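Structure provided below as structure tokens; questions to follow.
By written order: A, B, C and D. Residues from 1 in each chain.
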Amino acid sequence: MTTYNSMELMICLAARYLEDGATVVVGTGAPCAAAMLAQKLHAPGLVVMFEAGGMGPLLPTMPISVGDSRTFWRGISASSMTEIMELCQRGMVDYTFLGGAQIDQYGNINSTQIGPRDLPPRVRFPGSGGANDLASLCWRTMMITPQDQRRFVPRLDFMTSPGYLHGPGAREAAGLPPGTGPYKVITQLAVFGFDEATKRMRVESLHPGVDLAQVQDNAGFTLLVAPQLPVSMPPSAEELALLRREVDPYRYVIGRN
Amino acid sequence: MTTYNSMELMICLAARYLEDGATVVVGTGAPCAAAMLAQKLHAPGLVVMFEAGGMGPLLPTMPISVGDSRTFWRGISASSMTEIMELCQRGMVDYTFLGGAQIDQYGNINSTQIGPRDLPPRVRFPGSGGANDLASLCWRTMMITPQDQRRFVPRLDFMTSPGYLHGPGAREAAGLPPGTGPYKVITQLAVFGFDEATKRMRVESLHPGVDLAQVQDNAGFTLLVAPQLPVSMPPSAEELALLRREVDPYRYVIGRN
Amino acid sequence: MPRGELLVTPEPDAMREWFRQKPKQLVPKVTTVKTAVASWVHDGEYLAVGGFGTNRIPTALLHEIVRQGRRGLGLSGHTATHDFQILAAGPCIDRVDVAYVLGLEARGLSPSARRLCEGGLLRLTEWTNAALAWRYRAAAMGVPFLPARVMLGTDTWEHSAAKEIQCPFTGMRLAALPALSPDVGLIHVHEADVYGNCRIEGISVADADLARAARRVIISAERLIPHEEIRREPTRTIIPYFCVDAVVEVPGGCYPGNMPYEYFSDEEHLQEWLEAERTPETLRAFLEKYIFGVEDFAGYLDRCGGRSRLQQLRRVELMLVQESEGMRR
Amino acid sequence: MPRGELLVTPEPDAMREWFRQKPKQLVPKVTTVKTAVASWVHDGEYLAVGGFGTNRIPTALLHEIVRQGRRGLGLSGHTATHDFQILAAGPCIDRVDVAYVLGLEARGLSPSARRLCEGGLLRLTEWTNAALAWRYRAAAMGVPFLPARVMLGTDTWEHSAAKEIQCPFTGMRLAALPALSPDVGLIHVHEADVYGNCRIEGISVADADLARAARRVIISAERLIPHEEIRREPTRTIIPYFCVDAVVEVPGGCYPGNMPYEYFSDEEHLQEWLEAERTPETLRAFLEKYIFGVEDFAGYLDRCGGRSRLQQLRRVELMLVQESEGMRR
């Protein structure tokens, strides 16, 4: 039996959602690793883009920055930030990945600050960057994140990027494009989706050796549970081999487990 | 004494208004000839632009089209229509030249149609093209045009491009940028400016051998007259030589007199 | 208060669904002019043409639309001159968002285009060149409109389908220009790969935005280049492949127009066009000779003097010969 | 209802007057970093920096701003990371339109930037990367705002200074983003001529719009090229000279950032920066060594390993060596 760490598992799970011929705007780290892995497996035609302008590179290595020269190495275009964001705004981008310090049951994300909203913040994080834009404009938002009670919170200290806001219809009412929103959240414990009717987060598969109580214990809000609750398919030997040898040979990401 | 035709006179008069270091968007024909002549005389640093994207070319010959390859030959940039129009919109362009079938006392111009406004038009002309844009956005609009009662009309059949609309303050009230508007009109008979207070057209100089009655007879509205009414300075030998030898050697424009 | 007809309604959400479905795979899209037009241009649709007037226009595609007898087309007429003239000769079009059509700039007005307009055979909505360019830009940005400071106060405004808005920050009165998403964009470029990644040399006019605004895009290219060449210099890609539905290689495909750095316009032939339009009968004979009576665009080029004519126009473009040598009236 | 502070008010008419006065003559603008910053960047002004994060940033200009002790600057923080870090070390800034500052992406958060923010020493208004890019675009277009579909519904929206508008065509609810005209734009490019015509290779981020939006623009360039070379390929000019007020030639001017096709980022030195920031004292010593204690940027480069270090980073950029060879933690 193959052994793997949580980060490897999360990346492999994420990669499987990226189908051939889809478009995805990624940042650095795990999302980029997932996209690169998907390209080497089932999705050679996955179009990877970066918010600073890189479009369809033949990624030679993992970028350090979403604007570094790897992000358009042998790309089909070295464009601009508005070019990428306008691609998203007119509906051409299927997926994006976000990170953050906090997430709530509707998939809203905080990457701005911890503490009360009045300035100065107790802890200041980088802020939205392009996260709010991508969460607003791409069709499906995914998240790869460690999960615990501090991160899965009942109420965000600051809502940087929109999930389903406060529930069904709220995105559309706010003016965000219809049919968009959070899609999957992948943690070290489980894969989550969002309930169609309530737009609340729900457990969709449990990682090997994890039980539902453990998942709920690591969330600060009540999780919905899918009717079927399979075990998350662990990484195959092929997935792991490609991830370790070709995607992240220096273990920049998978070494952070 | 040098002899010259009306077109040559009009071009030379127009060229003198284009100072060194100014920016001007021109079309083909007389305005382009005026700009080229100015560059060869007192304004080597006159920046000539064309609405399709040509910027600062070393014009080798007169363009046939405002989008042909001469309009950006050895240019400082071969840009786009929005680039040029946005330059105008943010206030970077000093002058433009318009043409048209009719002009009224406020310098409003018709290049769209003759006959009542209900479709179909009795005579249809090309339409605005970029004329309305340039007349709206450039600081000063000039016109080189033959003058007669059919062209200088009390009421346009169709107002394609804005002059001072219906008088003082009307441009600003309509939403057009403050401080812009018609500057000079140059015909085969006279040079016209616009009265500061009323924004109405006024005769500012009479061409050699032309009297005021003749100018008024060839206008369908009452002309104001400047306090000083000098004779328009005829083309110098140097101006004519450059115009004929270097600007328009094949007499495309000056042969149309 | 503008009362022109809004020929194409801005629908960002519907366009989002369209663009979502548009394939993003790198699949070869090279086809023939005949197949491209047959597959992607249908009666009644709304077209927009790249280039400007007689410059870098997709003449080969436009001839084929006439040859296949398309009817009831709409057109975005931001300085569409020879392109409008060709479609008017069909006549393939019945409605136009018009900024500048009919005239061939200094060359004069097109009689057949005038007959269409003055005969009441066209529905016309007035705009300006900048307004139409910004309308493509709005669609390319995925927003329903853009603000601008043009058209205001004129009859152009009254006969447009723009709307007035007030700036929420400054209180300024502004024109709101509705996003324009043509059904089909037809663009002639210098170089394309088989997937549709494109390069343009010289002014791009409004084509970067048009390629992003249109539902479908047909590219004609002076020449195909290897995909690897696109990837070697990604800075030069002005149209990415996923905007493009079909690619055709047509050397000389802009003739009798001016293709920058390649060949100058054929002023004699453009003059022949204008003269042929004097009556419907002479036009008919002209079209028979040059469009209906030839198999394809290569046949047209042959009848116009073929390779040696293009070679001559190339010399004019590069200024290796005096342009007066038979190039202008 | 957004209640963030609008740090720069859109004033299209005032900007029109400014741009009207801006010289359009082709006059040489080459100067030194020291003179450019002394002449064109003043206490209290609002800056915007080209590039993205650690990529194609004008490090030499930023160091000089710190060295000359500018105070009270405002900053547009659309993914400003090492640039923000440098200005925060001054500290030169007291207000930020913030989309992404503080972090150096995967490299971690900047302690001195955090001290500024968390110590309440900065006025912050929230935006997003796209919002700031579109705000430059609005200013570049000469309109007071642009509509967009971002930020809506979030706290980012509440703490921004955007406004809500309704589309006059569709009724859609939209964000109105106010035009942003910085006092000074600082942009590092690959090539410029002495007048300020510029070329950028690779992604342009938001710099085409920034150069058109800013009142004053200082260009640092890896190298000067002849004016004739600009005119030989006008298609490649991304910034025309009349937007530019000063040009400085600084080979390696983006170090320790990544200059595409030229040199990769120096991850070791960026790490040294982050570590030096742990306390104000270690930061002071670091700044003394690398900024205050050197005459100019060349002195900084020398202390960082000089030509041989840049040569090594060039090899990494071109992937002639394994990037693990000392380039990353």
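Criterion: a contact is a pair of C-beta atoms (placed from the backbone, for glycine too) under 8 Å apart; a residue touches a chain by one contact, two chains touch by 3 or more.
Quantities reported herein were computed from a predicted structural model and do not represent experimental measurements.
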{"item": "Which of B-C and B-D has more C-beta pairs touching across its chains", "value": "B-C"}
{"item": "Centre distance in Å when chain C and chain D are each reduced to the mean of their C-alpha atoms", "value": "38"}
{"item": "Euclidean distance of C-alpha centroids - chain B vs chain C, Å", "value": "28"}
{"item": "Computed distance of Cα centres, chain D from chain B, in Å", "value": "41"}
{"item": "Distance from chain B to chain A - Cα centre to Cα centre, in angstrom", "value": "58"}
{"item": "Multi-partner residues of chain D (each touching 2 or more other chains)", "value": "12, 141-143, 148-149, 164, 172, 174, 201-202, 234-235"}
{"item": "Residues of chain B engaged with two or more neighbouring chains", "value": "72, 78-79, 82, 89, 137, 177"}
{"item": "Overall pattern in which the protein chains touch one another (line/ring/star/complete/other)", "value": "other"}
{"item": "Chain pairs that touch, as defined at the top of this document", "value": "A-C, A-D, B-C, B-D, C-D"}
{"item": "Residue ranges of chain C in contact with chain D within the complex", "value": "6, 9-12, 141-149, 163-165, 167-170, 172, 174, 176, 178, 200-202, 234-235"}
{"item": "Partner chain C, residues of chain A touching it in the complex", "value": "20-23, 45, 47, 55-56, 58, 72, 74-79, 82, 86, 88-92, 94, 137, 139, 177-179"}
{"item": "Footprint of chain B on chain D - complex, ascending", "value": "12-13, 15-20, 22-26, 139-143, 195, 197, 212, 230-232, 234-235, 237, 240-242"}
{"item": "Touch list for chain A against partner chain D, complex", "value": "27-29, 51-54, 60-61, 64-69, 71-72, 78-82, 85, 89, 108, 112, 117, 119-133, 136-137, 156, 158-162, 165, 170-171, 174-177, 250, 252"}
{"item": "Of all residues in chain C, those that touch chain B in their complex", "value": "51-56, 77-79, 81, 98-103, 105-107, 109, 114, 117-121, 124, 126-131, 133-134, 137, 148-156, 159, 164, 172-175, 201-206, 208-209, 258, 260-261, 264-265, 267, 317, 319, 323-324, 328"}
